[in-house]
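Look at the two complexes coming up: subunit A is in both, with subunit B in one and subunit C in the other.
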Partner chain A sequence: MSEALESDASLLVVVLDINASAWARSALALDDALQQTIIFINAYLALKPSNQLVVLASTRQECRTLYPAEPNSPASSEDIRVYEQFRAADVAILSGVRALLSSASASADQAHDSDAEHSLISRALSKALCHINQMRSSTLDAVWPRVLVLSAGVDAAAEYISLMNGIFAAQRMGVLIDVCKAAGSGDSVFLQQAAEISGGVYLRVDARAGWSLLQTLLFSFLADHYTRRVLYLPGNERTDFRATCFCHKRIVDIGYVCSVCLSIFCRLAPVCSTCQTRFSIRSARAERPAANGVQSTARTISQQLSTTSTTSTLV
Partner chain B sequence: MSASEEDFKSTIAEYLESLPEQFSRRVFSNPAACLAIFRLLSTVGKQLIMSMLYLESPIKLQEVQQWARPEHQRTVKSKVHQLRKLHILVEDRGQVLLNAIFREQLRNALTGGGDFSSFGTPCSDGNVRVPVTLAGLAKYADERWEKILHFMVGQSGGETGGVALSESVRRILLESKLMEAEGSKGMRITNSGFQFLLQDVGAQVWTVLLQYLRLAEKQEMDVVEVLNFLFQLVSLQLGRGYSTEALTRNQRKMLGELADFGLMYLDERGGGRFYPTHMVTSLTSAAGAGESAERDGRRPGDSGPLAGDESSSAGRGRANGSRALAASAKQRSSELLSPSDKGYIVVETNCRVYAYTDSPLQIAILNLFVHLVSRFSNFVTGVLTRSSVRRALSHGITADQMIAFLSTHAHPQMQGSTPVLPVTVTDQIRLWEKEKNSLHQTESFLYREFNGRPAFERVYRYAQELNVIQWASMERQLLLVSLQGHAMISEHTKKVKEQQEKQQRQQQQRVQQ
Partner chain C sequence: MPSQNSKGKGKSNAEPADDDDAYIDIDDTGPEGLKGADGGYTWEEEYKRSWDVIQEDASGSIQSSITGISAQQKRKRRLRDTSVVQRGIMRHMVLVLDQSEGMSTRDIHPTRIQASVTALEQFIGEFFDQNPISQLAMVATKDGLAERMSELSGNPRDHVDVLRNVALAGEPSLQNALELGMHTLRAAPVHGEREIVCVFGSLTTCDPGDIEQTLGALKQAGVRVSMVHLAAEVHVFKRICRETGGEFSVAVDGEGLKEALMESVPPPAAVAGGRAVAEMVQMGFAAKAVGAVPTPCACHHELGFAGFICPRCRSKVCTLPTECDVCGLALVEAPHLARSYRHLFPEENFVERGEGEEANGVCFGCGRGKAGFQCPRCKQNYCLECDIFIHETLHNCPGCTVSVFVAVAAVVVVGQSANPQADQATPQSTAPLRGMAMYGGYGGWHGDEYGCCDHCCDHCCCCCHHKVPEVTVHVIQPPPTYIYDVTQTACYTEHHDCCGCPYVCGPTCIPQGEVLAPCNAGRKVAIENKCHEGCGGKAKH
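The block that comes next holds the complex of A and B.
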């Protein structure tokens, strides 16, 4: 793919993770975070008149497109102090988030307590990629797409596979995935990988340490493809490349890898659940004592793709 | 965005740079102006500003320069320098900070705080009997603008029914040297006028606005007021009526003059209101660029004019759900595509040009550098010939301008291929330009019919000493010398002749003796 020119427009898909229970525990209130995100979005729209924007919001229950708004959305209020282009986006985002939260709180009680902070990003990511694909096919001009995930919740191990598929799809499409972990204590392992693989930026905003979300957004996530070639951006220092096993959705340091389809398992299984390959248990067992129970190190996804080093044997 | 538009943006930036600091402070006091200025900056400059927008304390200049990747150090340095010239960035003992006023007002622009009416005062459309439609606005603007362009190409006699350009328009055309006065009342297009014609509308409007500023300066109007008002105008929303009540007298006068260019539509009924047209709103915002295409009726399935009371974003997409999304995505992309959307020119490898247009203006502009062969009801054909291109070149139009014009207006069918224009044609146009530039005219004198070989050689040697020979042929005894060389040589030959005559006379005397 050729390099971005200064005059090329960008297409930014913002994915807002508005999982209420995740935000409830964070030092930064959801309202403040939204306000700051909207300033960031206004700044993005101000950069270039041809810049395009899509905003998605994701709760535990559903994922909705907030902007471009559907035509039957409530009429915008007459606030003449705001630049018209900004207002349409701002109103759509705020009212959309409000509607989503109220519908989410109605069904929130059914959610399992332990999963309440899990955020389901894979759905939003695939929706974002669909938007990008659609806009790409409808224009001839060079538009450089990227996704910004404003994440709050904890990784849901259950969606590892679908998320990874989304990440690889983004990589193939040349879509950068930027991740701003705005709330929550730990890093998101999955999203770190998403940023790393697609060439985006992963940053965790630590509100307790006095980081400003807005400053981080404007400083690190506003730069388009062209600017990223000119300026340095805060990099991904350490990325946790651990994978999740396909059988129990646990994050594993060491596991088994199918030699045919590279699926990862935390326990030895006679048949690969993904590609139905039968393994020769005998030979695997024979090796086992020598390897002291360790069969294979789950390597980074990218390494896995290039080198197929496995010890599970094929019948 | 074409290169020419970039040029003009940089010139308006240059204009801002030339303002003294107290002036720019006053310009910055308006959020709309800050936003418009921000949009005129380079991408890197914008990123630098945004990085510092919410910083409260100054940071080291060195630190800013360390943001740049090594191979782009110089770019960033020059951008920082430009920001400082614009008084946006303030340097103090190696530390930099955004100008406090600019920072506050740009924040206001992004957050919607601050001055109440900086983005114009829209009026309610309750008491308007005849609502202004977007299509009507576009038609009005295009008619006005084309009338001026017509006037410039001298095609005004046709269906526009004689030219009645207002005094201010004439003055700006003269002032900007796009046209020059001829005789008592007539006007003639200049070389820069020809170049102007080939630019896209955005660049043309910027040129006019810049000239307007210069003129305002000459008339001793308050430049800051004019600037602020201009920046406010470019941030208005298309299709919305704005009240003229809060405006000062100067601003009303400006509105009237801008209306002559088709940048504004004035509605005097009911207290007075004005509507910005797509020509001014598309200067810094993408919304509205597609409206002219809509008027052309090239977008199928778009039903008629939209009512004026709808803002264009609300008026977009009447379908439901995902279809509306797709439609709005399409619409946005077609806004981006606006130049190609209107594309009508097909260029073949054999230099033939087919233009699907019936607009006399477009035909007249094509006629500047295409030899038009035949004209049909909906399209014209022509050939790019050496003489037609040379004629354009002699008007000061450059090869790049012709190529840019052809490629920005290329027919959608041609847009798919890269490069858009056949390489043979672009190369040929460039070659013709080179050919023309390779010929220099120098006034000179040709010496011929020398009186024998020794005479020629004597003059030749003398000219060689003076280094004034343009060209010479030993065999045919021809000598071409430059103008000042001629004076010296003729003096020299006179002297030689006199000497010869003296000698001859002496010889004759001797013979007689």
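The block that comes next holds the complex of A and C.
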């Protein structure tokens, strides 16, 4: 892929995480955060007339496209004092968030469990990439896409694979994933990896320590592909890519990986606890010897391990 | 002209034939295999005028017609194998590239070799993108020999670099290439898949011994051989692929070549009862370290500030994934493992909704296109563009949330069952081979020069006095009707002065000392008798 030129347009996909329970605990109110985000979005649209924008919002239950709005949505009253493009974006985002929150609170009664703060970032990211793919294939001009995730919730372990798939697709398409952790305590490990792998920026805005969301957005996330080459952006401390073992949830330096399902363990085991594969014995490694040899080895090892049921069925 | 994929043709089986046929085991035996849809032979069919397919619409534009054709082609690619089966994730693959003079033919633009190099570069990039913890090696075959271009390694740069300088010479040797490939794969651990993928342009091969023995050894070692041929279907090539469980295909243009190669990118389904053994593989998760002063890395000896530290021996490597050059530990990062999960849990194919059904508005993914496809799990509708994107790049339906643990459990249940292709992979019983004449399209290694028939026998021109038949490349050749003198078979492996038969260094060691042997051009030259492998050297002129 060639380098970005100054005249090239950008395509920004903003993913708003509006998980109500996550924002409820935040020092920064959702209203304020939305207002500041809208200022940022207006600034982005004002930078270049050819800049394109997509806004997605995700709650715990669903993920919707807020802007560009569907063509059949009701047109609001026109206000000639505001630049048309700003108005369209602002109205679509605010009304979309309102509709999404009201529908979310209606169904919120069913879910009072511990993972109330999870949000569907992987779905939103997949959708964002679909948008980018579609826009790319429909235009011949050079458009440089990036995704900005305004994250509030916590990582959901079940999302790991789908999120990773999205990250790798973004990396392949040359899409930067910027992450602004605007609310919630602690960092999001998954999104840190997303920013690191795709070449984006990960920043956590700590409202309690007096950080301003708007300032962070304008100073760190407004720069396009072309400008980023000459900027040294903050927040690129190296993420830890070491793995956690599946058995004890410890971070491992040297782990054992099941060759069938790629589960990571911190010590050798005769059977993979994830996929139930029985492992071959290490002494049988070089070449498969005659069956007798393996059986006798199995017998010795089973005696050593003094476990009867699992190891004797190894062969 | 359509790609002549081996899968497309009818199953061929060596039926017990009478004596004449026993030596000419052309594939697609029986007239059915060569007959087209309307019962005639392929070459008797009427010439298809591709421009007749394009029709003008009412306004005189051909745009809609072209859109329809391209959508059809896309849809064809859309359907993939999505069964949740156990797959060989850790792969060890040897790429064999034919570098014989036959590769200089210009029927594929610009030349066969250029097209192959371009396709292989793309293949290598794609292979490592999708199989980050796999390894690749490259082997070239020319002048009747096989030589190693690059060692087994997980770094795509190593392999792409050697493709820059490719020189063509002489005839290829399939047997030597396979033996060398097999030898390379011998070092691969038992839990890994072993594969050989060949790109061949020559219709002939120049082998030192019995290819049957090599085939037996391949099967025993559990090596899958797949091949893309740039000219025509050659029986021996196809048979090796079929019996080892690989794919044989014929590429008629550059696009076809790329597509055929890309078939080998997703990891193959593991064959139940196959050679690969499940193991716990020790892996190191190397942490990144940035030093104050530049230090050389253990792998390339290049100075640099940043690097990854092997957790076992503390040596520094510059890229991941790799194998530590000091202690041999496989070094990865957690995302490399995550990258392979997509093969374990493939996204289901979307169901195409009929024209009659009411399409549910716009696409759920991009919000723009017309939704004509539905995800069977989350019942969301997608447009064709998003459908292809989701299955080829994203591997993730935006409407579904998959629970990891449910998916893993699914692997357990289905993964134990036999792969449906396993039955096809089992060797088919064939009559014992006598000499080389069993193979259609085999031998004829100096056919061009002497006017010997190129595809009918393995004899030298002096031994078989056949007229040169008209050979049309790209068409499966009709079964030859001539009868061979099988008593002359020995000519192939023995040295005849009259015709300059090949005498090349085989996979086994031959005694040291000077032996006079003719090279491919028929001149007598001295061979330094070293085999490629066991004793480390190569036969040289």
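Just so we're on the same page, the second predicted complex is superposed on the first by the 241 of 315 C-alpha atoms of A that agree within 3 Å, B and C clash if a C-alpha of one lies under 4 Å from a C-alpha of the other, contacts with A are read in each partner's own complex, and residues count from 1 in each chain.
The definition used in the following text is that a contact is a pair of C-beta atoms (placed from the backbone, for glycine too) under 8 Å apart; a residue touches a chain by one contact, two chains touch by 3 or more.
Because the structure is a prediction, the values reported are computed rather than measured.
In the superposition on chain A, contact is made by A:134 with both subunit B and subunit C. By the touch criterion defined above, A:85 lies against subunit B but remains apart from subunit C after alignment on the C-alpha atoms of chain A. With both structures placed on the common chain, the touch criterion links A:68 to subunit B and to subunit C. Applying the stated contact rule after C-alpha superposition, one finds that A:214 touches subunit B and leaves subunit C untouched. Once the two complexes are laid over each other on the shared chain, residue contacts for A:9 go to subunit B alone; subunit C is not touched.
When both complexes are overlaid on chain A, the residue A:250 reaches neither subunit B nor subunit C. Once the two complexes are overlaid on the shared chain, A:39 sits against subunit B while remaining clear of subunit C. In the overlay built on the shared chain, the residue A:120 is in contact with subunit C alone; subunit B does not reach it.
More residues of subunit A are in touch with C than with the other of subunit B and subunit C. In the superposition on chain A, the residues of subunit A contacted by subunit B and by subunit C overlap at 65, 68, 70, 131, 134-135, 138.
Within the complex formed with subunit B, the residues of subunit A that make contact are 6-7, 9, 39, 42-43, 46-50, 52, 65, 68, 70-72, 75-76, 78-88, 90, 131, 134-135, 138-141, 143, 212, 214-215, 218-219, 222-224, 226-227, 229-232.
Of all residues in subunit C, those touching subunit A in their complex are 86, 89-90, 129, 189-192, 275-285, 287-288, 290, 311-312, 329, 333-335, 337-342, 344-345, 362-369, 383, 385-386, 389-390, 393-399, 401-405, 407-408, 411-412, 415.
Looking at the complex, you find that subunit A touches subunit C at residues 63, 65, 68, 70, 120, 122-123, 126-127, 129-131, 133-135, 137-138, 157-162, 164-169, 172-173, 193, 197, 238, 240-244, 252-265, 268-269, 272, 274-280, 282, 284-285, 287-288.
For subunit B in complex with subunit A, the touching residues are 1, 6, 32, 35, 38-39, 42-44, 46-47, 50-51, 53-55, 66-69, 72, 75-76, 109-122, 235-237, 240, 282, 284-287, 311, 313-314, 316-321, 324-326, 328-330, 332-333, 335-337, 340, 415-416.
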